[in-house]
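Read through the structures below before going on.
Next come two complexes, and both contain subunit A; in the first it sits with subunit B, in the second with subunit C.
Let's turn to the complex of A and B:
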């Protein structure tokens, strides 16, 4: 017992609080990526392997636009728009011919897209990490750390984008079309909803959300061609744990897993802390194979 | 194999010739085998190694075909089996002295079997895309472990070792040359092909194919579907591990890069390009992919992003030629 007591005394409270903040910030970015992924899956039955690459490409385009205009916020909006158009084009060219075929084909196609985009980025930008300065440079003191306000801002911006998207789904005309298509594709079509264009729109929105998170995240670690790979796996875990196609579940799962990894990295190397999220996934698959928050609406 | 009315309806002109299907198949098999046996005698050192590696990648893809083509489960986790085979072989070659070829194979297969049991037990609870994603994530678990456990696996640098001698107990013991290496790999791949072909045509293989066609009906008939799937994943993992062992011996190293899921992605690409459900298709696909890659590198230089044109070809093939290059011969090859 003594040893255990000592163990808990050894946990520094300040470190816990710092890691809570860190975990929440990464959790919100992850939630923004995963909500695009889960949206595309929930509505189109498409597992978008290229999602990480859209995130990466968004960051690169943001970097280029920032270098051209000097305004971070212009880069954020511009990059989201460019990637949305790219996403729409990709959907029309590659995924639309596959509507009605086995969903497994979509994994293969998007995997091919991710290879192409990743190698394009490597070819175009090289393997050096590109730096984007933080648009808000003020910091506040958190115990012994100078914590940048920008990280807090990311969390709030991510929440705002997800919130705006949720409101759009709930009240916007196109949002209602999307929900109708998700509920019953054939009936939606019979009611005059242009289902193929809804799919294109959904993919474009998901791509834009990935790009936005890429630009927001870029100032934290820099932009490289492999940044998509690291995140897409995390996002997949989040989406499976949260219940595929379940927006709320993904957000909760994203925050949960990020917090868990943040706490674990107090004691473990961050690359090993990733294993914890794998453990969460295995436990989820064992006891609730449809996800922790499997929705009844699907 | 007697000629049944079903075989007469073969879509291929080959079936209409005077010879029975069995005879044509085995003649074709022997011709291809003879060409592959003779090939290293005529090829330069570079292309000899190239052909050997194509065979190894082909074995990996063929193992995955047992799942993709015959059981209807797309695995994105074959890099784990391949990698564990690699590291298992490396372990045997580094620990045991003098290094022994067969012990390396045994260790590699044991490693792959362990990984396969773990992956199979969890991932077969899920179907379709969920299976694909979970196998992917499981292979990443092995990647993270191998990448971070530097003391045992060498971490990022991997393990380097010497090639064992090619030994056949009491008969033969000599250093591998690139030609004997090719023949050894060819022998293993051919044996694997024959075993896998036998498996897919056995009653067990028929159950796997019925799972592919209609899983719920198969379960309703009374087959324990999950048990069949676990065995299928394990068998597939064993052959993938075998490919890993061969690759390790061929290149004298084991590196974490090969455990990363992009290797699994390549495996799936070989399958789709060559044609799933044919067993030989994936080998053809691996050859097609590697050859195009090599030709592109020679035409445009090493820095050329060869995966961009290859990725485009891959996507176009999924949309317009989902059966792959050998898809037209699928029924004929499986008879």
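Let's turn to the complex of A and C:
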């Protein structure tokens, strides 16, 4: 048996399976966050630096709704709706007047919004980390671990939300408008599609997806004013690696990067494992700047 | 009806005739600001023309450390208000000059230089994140300003990176490890450590590895998780093997993530679960809920009235801190060690300034000499208890509390006197 054979023989199978599950779960959460981000960029050409704060705001609103209703599922739906409305209002008030201007303007505006939302959350909710309980608290035995069913549920729910969104884009009237606007906004407008409202709708949907992922993830980490920052950097990496504006590419990239980090952590320190996603980013920018999964034209 | 006032004669000039121009609005605004500046601050009336002592403080008021920074400022403000209410220092009031370091070492360094060079502060009390304290210590040394570190826990601040101008009036990891290791080795012989992978976490890990070994135990493995890791499960999943105890070193929201996800994976039930008290600070307990039940930890301060903390002055301090915290956090958290150590750091500085008859930065060396070896007696100034600032490394050794968390509250199991936590100094001051 050669060195390579010995290497594969030495791989602990239990750990490989555990890390595959971990990578898929983390990947699906990341995919849900990144799909909102890539949607907004793909349609509107807006790099939304406030996306992490919409994720955080979704979690806080979920916490408030859970406290009021006692239902996690109501909190999930309610928070997504509230943040969608807020997202629409933000788009109308701050981004719509900038349509056609230098993209730097939108970057600055969304960065400003992120700072405002973050400090608002700190002012409104204070320094105490808030709790949203898991709707499913059971665990199952996965080799030497007790693995929470809730993490599996998150992966399925994220997949379901992304799947529903894909179906909406493919078959829904508004979805067709969105695709038409993405393909050629001038022609779409000429055909009578209300492009400014498509933009507003897209921003609202992206915000709702961020909020939904915030509520889903809140039981695993608690709700704090900086929780969005932790995810948004990875989401940006995923969007770039997947191809800016490419929804399918972002999903594949999210799973790919999460699996890569999970497998790497078997042999490497966590600090080295997380560097891998940056390595992938750099290699992508060097050798395929349009993204690993970018389509020929956008 | 709501518009009726516009018909009034007095309102005509500013509304009815449409004369509320931008220029007029700016004029009124500037006038109002000017008038506000002329009204003296409350303490000015009490101190007459006495020049205030300017105490600078860099704190993370935005960014990743903002939650802790805001809490720290509560302690600082409490001490300053109390000092001014009781006649100030040497008959002069204290004025705080608080800057936001944005949780960034680069920004902190820049703002510290501004505090030293432009704002001309007399002394500095602050520093929350260890990497920021380490980055800013040379600034205080170069400007010859006394630096009372108020939260940073990195060991090297008073060992390999120590300097004549910096003081720490609370504990550090080697002392905590000395205090906690006997309990840990009674709980289990073989330990695995999960730590926050940055300066504080690493130095705390090293201290526990050494002390557990000294007490006949063994650390069989460690995993460092980078700060702000959104999902720790892939890294925690790797933890298995031949050991009996899991020891956690983390703080803030990362502490919540560690405790929650370790519980979710069954690790805290499978192994004895202990760690640094920062994981179970009061601002974290609400989020972790009953998932942290049974956690044994050590801390220099816990918000309870048990053992040596059952004193009238601690109760008074606790109640005021709680009221002030409720103003910045509607959930009404209990005071934590960040409030306590900022409060006590400023009070220690006050005693040093009084003892040295400090008048300004030209008296810095006299102030340093007064602080070296200074005994801080338990009382309203130091509700946590007695402590002494060791001359050789400017490190204090307060009593430590070993406690268990259950039912959302702290249960004191043991108090370790400061004298039993002392470790030899490992600092050489440069000339």
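Going forward, the second predicted complex is superposed on the first by the 280 of 298 C-alpha atoms of A that agree within 3 Å, B and C clash if a C-alpha of one lies under 4 Å from a C-alpha of the other, contacts with A are read in each partner's own complex, and residues count from 1 in each chain.
Assume a residue touches a chain if its C-beta (ideal position, glycine included) is under 8 Å from a C-beta of that chain, and two chains touch if they have at least 3 such contacts.
Just so it is clear, the structure is predicted and the values come from calculations on it, not from any experiment.
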{"item": "Fit-or-clash call for subunit B and subunit C when the two complexes are aligned on subunit A", "value": "clash"}
{"item": "Partner chain in contact with A:97 - subunit B first, subunit C second, else both or neither", "value": "first"}
{"item": "Partner, of subunit C and subunit B, that touches more residues belonging to subunit A", "value": "C"}
{"item": "First (subunit B), second (subunit C), both or neither touched by A:109", "value": "first"}
{"item": "Subunit B versus subunit C as contact partner of A:119, first or second or both or neither", "value": "both"}
{"item": "Touched partner set for A:139, first subunit B, second subunit C, both or neither", "value": "second"}
{"item": "Which superposed partner A:236 touches (first subunit B, second subunit C, both, neither)", "value": "first"}
{"item": "Partner chain in contact with A:130 - subunit B first, subunit C second, else both or neither", "value": "second"}
{"item": "First, second, both or neither for A:269, with subunit B first and subunit C second", "value": "both"}
{"item": "Of the stretches 26-34, 62-70, 116-124 or 206-214 belonging to subunit C, the one that collides with subunit B", "value": "116-124"}
{"item": "Contact residues common to both interfaces of subunit A (with subunit B and with subunit C)", "value": "115, 118-119, 122, 269, 271, 274"}
{"item": "Parts of subunit A lying in touch with subunit C, wherever the complex brings them together", "value": "15, 18-19, 22-23, 25-26, 29, 115, 118-119, 122, 124-131, 133, 139, 144-148, 150-151, 217, 219-227, 229-231, 234, 261-262, 265-266, 269-271, 273-274"}
{"item": "Contacting residues of subunit B [partner subunit A, same complex]", "value": "74, 76, 122-123, 125-126, 128-130, 132-134, 136-138, 140-141, 144-145, 147-148, 261, 265, 268-269, 272, 303, 305-308, 310-312, 314-315, 318-319, 322"}
{"item": "Residues of subunit C defined as touching subunit A within the complex", "value": "62-64, 66-68, 70-71, 197, 223-226, 228-231, 233-235, 237-238, 240, 252-253, 256-257, 260-261, 264-267, 269-270, 282-284, 286-289, 328-331, 333"}
{"item": "Interfacial residue positions of subunit A with respect to subunit B in the complex", "value": "47, 94, 97-98, 101, 103-105, 107-109, 111-113, 115-116, 118-120, 122-123, 233, 236-237, 240, 244, 269, 271-272, 274-275, 278, 281-282, 285-286, 289"}
